[in-house]
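Some structures are shown below for you to check.
What follows is a pair of complexes built around chain A, which joins chain B in one and chain C in the other.
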Partner chain A sequence: MEAHMLPPASSIKRWLLTTNHKDIGILYLVTAIYFLVVGGALSLLFRLQLADPSLNVLPPQAYNQAITIHGLVMVLFVVSPLAFALANYVVPLQIGARDLAFPRLNALSYWLYLFAGILVVVSFFQERTLDVGWTLYQPLAAGFTPYVGVNTGGLGLGLLTASVTVSTINFVVTIFRSRAPGVRLTALPMFTMTILLTVLMMLYAFPALLAGIIMLASDRVLGTVYFTSNQGGAILWDHIFWFFGHPEVYIVLFPALGVMADILVTFSRRPLFGRRYILAAMVIVATLSFLVWGHHMFLTGIHPDIRRAFTVTTIAISLPFDAIILSFIYTLSKSKIHLRTPMLFTLGSIAIFIIGGITGVFLGSIALDYVLRGTYFVVAHFHYTMAGGALVGLIAGVYYWYPKMTGRMFSEALGRIHFVLAMIGFNLLYFPMFLAWEMPRRVPVYAEYLAPLNQLATVGGFIFGGSFLVMFWNLLYSLRHGEPAGDNPWNAPTLEWLTRSPPPPHNFDGTPALVDGRFTFLAANGAGHHSHETHLSPWPFMLSLASMVVLLGLTTHIAISLGGLVLLAASILGFARERFVSHEPQLGERWPFERVDRMKLAWWTFLASEIVLFGVLLSAYIYVRSATPSWPAPGTLFDIWHGAVNTFILLTSSFTLVLAIAASRMGSRAGTLGFLGATMALGVAFLLNKYGEWTELFSHGVNFSTSIVSTSFFLTTGVHGAHVTAGLLALAYLISRALKGAYVREGHETLEYFGYYWHFVDIVWVFIFPLFYLI
Partner chain B sequence: MVASTVEVFNTLWTLFSSLGILVGVVVISYLGYQVYRNRARPERPEPEDAPKPGEAPREQARAGKLLISVILSASIVITLISMTFISLGILDNPPQEAFEVKVVAFQWGWRFYYPNGYEAVGELRVPKGVPVKFYVTSSDVFHNMGIIELRLKIDAIPGKVNVGWTRVDALGEYIIRCYELCGDGHGVMTGRLIVMEPEEFNEWYSSLQVS
Partner chain C sequence: MAPRISTYVAVFGALVAMTVLELLIFGQPLPRIVIDLSIIGLAGGKAVLIALFFQHLAYEPRSLSSLALLGLGGAVAFLVLSVYSIVGVLFA
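The block that comes next holds the complex of A and B.
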């Protein structure tokens, strides 16, 4: 079969190899629902434990694992992926694109997500998985839970951040570069708009999580002391985790707000109220979200003035949300509301989110948080926002786009039954938790007087969980037996409804263009043009599988890891060498990146995430250093000469790389090869010098776990060294291609993209050298 | 009132919950009212500006309505922040004269150190009506010392000493619980705070054999 033809939906091959955004959307959807069942089943288990004050259904060890994995799975493997299931399917349709900018990378994000989830599930069967709460508080997670499964689960989270980063880059480039003619940023439907804001937040939040996980894994495996020493410890983790964690709340929520906004317009038959104010409010929230993390730390003894500042930012963030929600409600005035299932879920979600938002203001007040911290009030609040606002909002989206995805209508009656059961179950489950605010979180046993509230919650939990069975049945049954939906069953305005249900592989017949506020379709000139594009590749799957095998080997048998590494290398080579054709649309709106081609934009986006990764590592260094009164003077522990020589080597290597690119442009094969070779030699020299430096330190008894000083030195320079190593591997590949005559005159862009990375790694060293060696 | 911290909490809690419930009820009722009033009935005409398929997004922009609502919310929020800061003035400024106790949390229990050097595990005795200052830390992982009836919570973090205070005005026994997940024993990590008449307390305190 030709790689540009998609096999039929009934073949397994189609689903393993597809790179089509709609297929990937379906894969995300099914996987997210699978994890919803996993996370939900865990929660029902501990709701059973809590049905009585002193049961022993789940002993404490099992209980702690259940709540931890429930939290992690729901936040990272259910709600966000569900949003990206919809985004995968809908965003290209809403902007009039044929696919995402990088279809193979899109498949890669999905498979990395799936295999990351599998690692987390596998960790259950390795003695004990993560049992420290989804917030992974320290030093409990670093030093007090010595089980292999904890490592596996942690590595699973690390792999997930890779998936998220890849998908972030893809959506940024797609939304900026693949819009149909006339679709200016201001004309984006709300859902696509919220996805854009979401990926921008993800770009800065997830590398912080990755940095935290790298430090945590290093503490657990290599014996560094970031979180087990008092200079770093609990507070350092709190800063890193919540710098990620609070934006994560909005990352989870924003796509749901976008879904709800689109649905409100469709079913109320009125334009959105204050669209521009909603967007402004969302931009404010996205920015402020990186400035509120301290409210998770009011009691940790951070400086009183800093606490006050965080109170102001936290309570202030409720104002833009006010504007958003009130605009949603004002949209309804003088409207004509069709109360179909998606609209019902949207209205339910808004009502629930109002309660979640108001109770969030309680927690933003330090003086109340002093008392409510660590209690069921917090549990109730974030379920009202994340389960009620985000998950229920996204469920509305699943119903809304189901006819588009399948070409069939679901049963409206069953949809309404699901809605009623879900609302009753949800409120019965979570509202009593506000009233049980005296009860500590994460305890398997509790005081007698709290029994009635907990029993209500348990009953509610089973109703809420059970309501989803109605949905699953409805969606599965309607797949075959639903009424044919037609192109636009909801009479909705956005572009995805102007094509067939389900849309053809190339999405639209003809090129959509927005002219004078209305979409028209330009004649499909060169209809044969995109049929040459590739839609199948085995490498995303193989690469992700190999990554999982490598990580799994680390916690089982190292031989498995080595095997995995071979597979990984083969997959990366296969990926790089595959002739995969996907064209950027020839016409379109690309502001503000008209002059930045998609690869360049992708590299810039990737490097932005790398800046955060190193930013967190260096901030951690500055933090622990300021907490350590007896930091050794420069030159006493780390040899300045080693550092200076390496600085010289790396800067020179940047220079030789620039010369290689110049030679490639001028068409000099010898020059290209020579300067690439010189860059390679310098990179190797850097690593050899570093090896010498490290062995010298080891021989003087300075190792990973000696002190916080050695910990921060080895890990920061180690992560940098790993980047140099990755760069050298890429360079080796480039040289092997250049030997066969590549990059002369044509294709020098590839060298330039590599150059961005290499120069970036050098610049990082320019920060590391003075910070660690000179001051 | 049972304790000074309870007074501070109750004031704020009453203010936040009454405003919270008021705002919640008003907004959700307004939402319900709009949905009810504008529900699709056959005789109801399609709105004039109804979005049509294939149309670029438009908006209803009447900033006035939104501005007024946001100003209203802002005034509520500013009230809440100010009240919070006033309460903090009390919570963050313990009186100079106080009975001082050092608390060390561990997996899974509480160790108390009295000013005279006496040490006890699981049970802390303090005099009624006297400000008590807690210096809280941990010897292993992150815990949180919470005496929920007294509306008092202090993080117990290894390598850090956090300070909190209260004045208990009612005799009795209060349960100390851990409010931060700290391992398998988290749910049963309890201790007791016993509040005694000052004379009785002094008698007990001076009879202690300190090694």
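The block that comes next holds the complex of A and C.
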């Protein structure tokens, strides 16, 4: 089978090797539904436990694991992946692209997600999994859960951040650089616009989670004391987690808002009222989302000024949401509404979200939060917004785009039955929780007088869960027996409806363009179709599988990890050496990156996330230092000359690298090789110096666990050292290619891209040196 | 567009000089706050030079720098708000 031809959908090979965005979207959809069943089943188990305080359905330790994994799975493995299932399928169609900018990376992000989820599921079978609540509060998660399953689950979360980062880069580059002619950013359909804002939020939020997971893993495995010391501890974790965690809730919500907006336009047959104000509101929310996290910490004893500031920003962030919802309502008010299933779910989602949003304003008040924090009022609030606003909104999207994906219509009657059951079940499940506001969350027992409310909630939970069975049956049955859908069964205005259902592999017959507000096609008869583009690759699957094996071996048997490392190295090499052909459209809108090629944009997007990763790590250092009354004077613990020598080494290596790139441009093979070799030698010298420094410290009894001083030093310089090591491995590959004549006159861009990374690693050290050695 | 080799040499020279200056300032009998701020300022200056001339951001559209600066802004906001949240309490 040639790599530019897709095998039939009945072939397993197709699904293992595909890089086509539509296939990836379906893979995400099926996997997200699987995790929905896992998370849902867990919730029904603990709802049974909560049906009566005297019950013993789940022993306390099992209860803790159930609520923790339910939360993690729903937030990270269900709702966002469901959004990206739709995004993968629909966004390239909406912007007129043939695929995402980097099809193999797209497949990689899916397989990393799947294997990350498998690690979390495997952790259930390793004595005990994560059981500290989805927020992993400290010092509980670092110091009081010595179970290997907790490590496996944590490693799964780390692998997921890799998946997210890869996906983020792909969507940023795609939406900015693969739009059809005429599709300006302000003309994007709302769903694609919300995906753009979502991935930008992910870009800056997920690295904070990764930093936290690295620190937590280090505490658990290496014995560092970030979260078990008085200087770091619970509040440091809270800051790091919620700096990620609050943008995360908008990352979960925004795609659903975009789905709802597109559906409102279609089924009210009028443009979105105040579209530009909705866009502005969403940009404001996306920005403010990074400045409200402290409202999760009102009861932690942090400075009153900071609590007041976070109250202001939290109330402020509710205002643009008012604008968005009012625009939705006004769009509906003057239109003839077509109450088809997607519209029903959209309207239900809006109504539910309003309740959730209003209750969020209550929680944004410090005074009210003192009473309501950690109670079922909070549980109800975030389920009304996340499950009601986000999940129900995305369900609307599944129904909306189902005809496009399958070419079949689902049963409208069953869709309406699902809607009615879902609304009844949802509200019966979660509304009583507002009334049970005196009940603390995460505890399996409660006062007897709260039993009727809990019983209502349990019944509602089973109705809500059962409603999904109607949906699954409807969609599965309709795959074979549904009425043919045609290209545009909804008479929708966006571009994805102007191609076949399901679309051909190359999406459009011709190059779409938006001219005078209407879509047209610039070339007919497949002129836009590059038949020699590649659609299959085994390396995303292999690389992801190898990553999982490496991580699994760390908590089972080290030999497994070693085998996984060999497989990983081979997969990375295979990925790098594969001749994968994917073309960027020649015509299109690229503002504001017209002069930036897609690889350059991808690298800088990646580096933007690395800035946050190291920013959080260095901030954590400054934080613990601020919290430590007596810190060793500079030069007394860490040898300044080790640090100074390494500074000169890295600065020189950056210099030799730019000279290598200049030599490459001038066509000098000797110069290119010479300066690349010098860069490699300097990098190795850096690591050797670092090794000498560390062994010297160990010999003086200064190790990972000695104090917060040594913890912060070893962790920060260790993560930096790992980045240097990764860079040197990549450099070794580049040198091997240069030895065969690559990068002489042509191909210097590859060295330049590597340079962005290497110089960034240098910049990080430029700050590490003074912070750890001189101040 | 890329800088000339002479630019790279000048920037490298400046980076080395600024590092030497950091080491020299470190040993001076000045108030601690002056030393610390000077050293951090020099580090910031070195970072800017590397970003502008080795990473070529001086020759790229502002849109590219904006991606990086947004991340930096987020990190700074995190630093300021998290440290302030405890410093005022610890030393009140």
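FYI, the second predicted complex is superposed on the first by the 769 of 775 C-alpha atoms of A that agree within 3 Å, B and C clash if a C-alpha of one lies under 4 Å from a C-alpha of the other, contacts with A are read in each partner's own complex, and residues count from 1 in each chain.
Throughout what follows, a contact is a pair of C-beta atoms (placed from the backbone, for glycine too) under 8 Å apart; a residue touches a chain by one contact, two chains touch by 3 or more.
Everything quoted here is computed from the prediction, not taken from an experiment.
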Three-chain arrangement built on chain A, chain B and chain C clash or fit: fit
Contacts of A:56 with chain B and chain C, given as first, second, both or neither: neither
Touching partner for A:361 - first (chain B), second (chain C), both, neither: first
Partner chain in contact with A:239 - chain B first, chain C second, else both or neither: second
Contacts of A:189 with chain B and chain C, given as first, second, both or neither: first
Touching partner for A:442 - first (chain B), second (chain C), both, neither: first
Which of chain B and chain C A:301 touches, first, second, both or neither: both
Touching partner for A:634 - first (chain B), second (chain C), both, neither: second
Touched partner set for A:658, first chain B, second chain C, both or neither: second
Of chain C and chain B, partner touching more chain A residues: B
Chain B versus chain C as contact partner of A:498, first or second or both or neither: first
Chain A as apex of chain B and chain C, Cα-centre angle in degrees (nearest 10): 90
Minimal inter-chain CA distance - chain C and chain B, angstrom: 9
Chain B/chain C common contact set on chain A: 235, 301
Chain B to chain A touching residues, read off their complex: 8-9, 12-13, 16-17, 20, 23-24, 27-28, 30-32, 34-35, 38-40, 44-47, 49-63, 65-66, 69-70, 73-74, 77, 80-81, 84-85, 87-88, 91-92, 107, 140-142, 144, 146, 148, 151-155, 157-163, 175, 177-188
Touching residues (chain side chain A, partner chain B) in the complex: 60-61, 63-64, 132-133, 137-140, 143-145, 187-190, 229-231, 233-235, 265-266, 268-277, 299-301, 304, 308, 311-312, 315-316, 318-319, 322-323, 325-327, 329-339, 347, 350-351, 354-355, 358-359, 361-362, 365-368, 370-371, 373-375, 438, 440-447, 488, 491-495, 497-498, 514, 517-519
Residue ranges of chain A touching chain C (in the complex, touch as defined): 200, 203-204, 208, 235-236, 239, 243, 290-291, 294, 297, 301-303, 305-306, 309, 592-596, 600-601, 604-605, 607-609, 611-612, 614-616, 618-619, 622-623, 626-627, 634, 640, 644, 647-648, 651-652, 654-655, 657-659, 661-662, 665, 752, 755-756, 759-760, 762-763, 766-767, 769-771, 774-775
Residues of chain C that touch chain A when the two form their complex: 2, 5, 8, 12, 15-16, 19, 22-23, 26, 35-36, 39-40, 42-43, 46-47, 50-51, 54-56, 60-61, 63-64, 67-68, 70-72, 74-79, 81-90
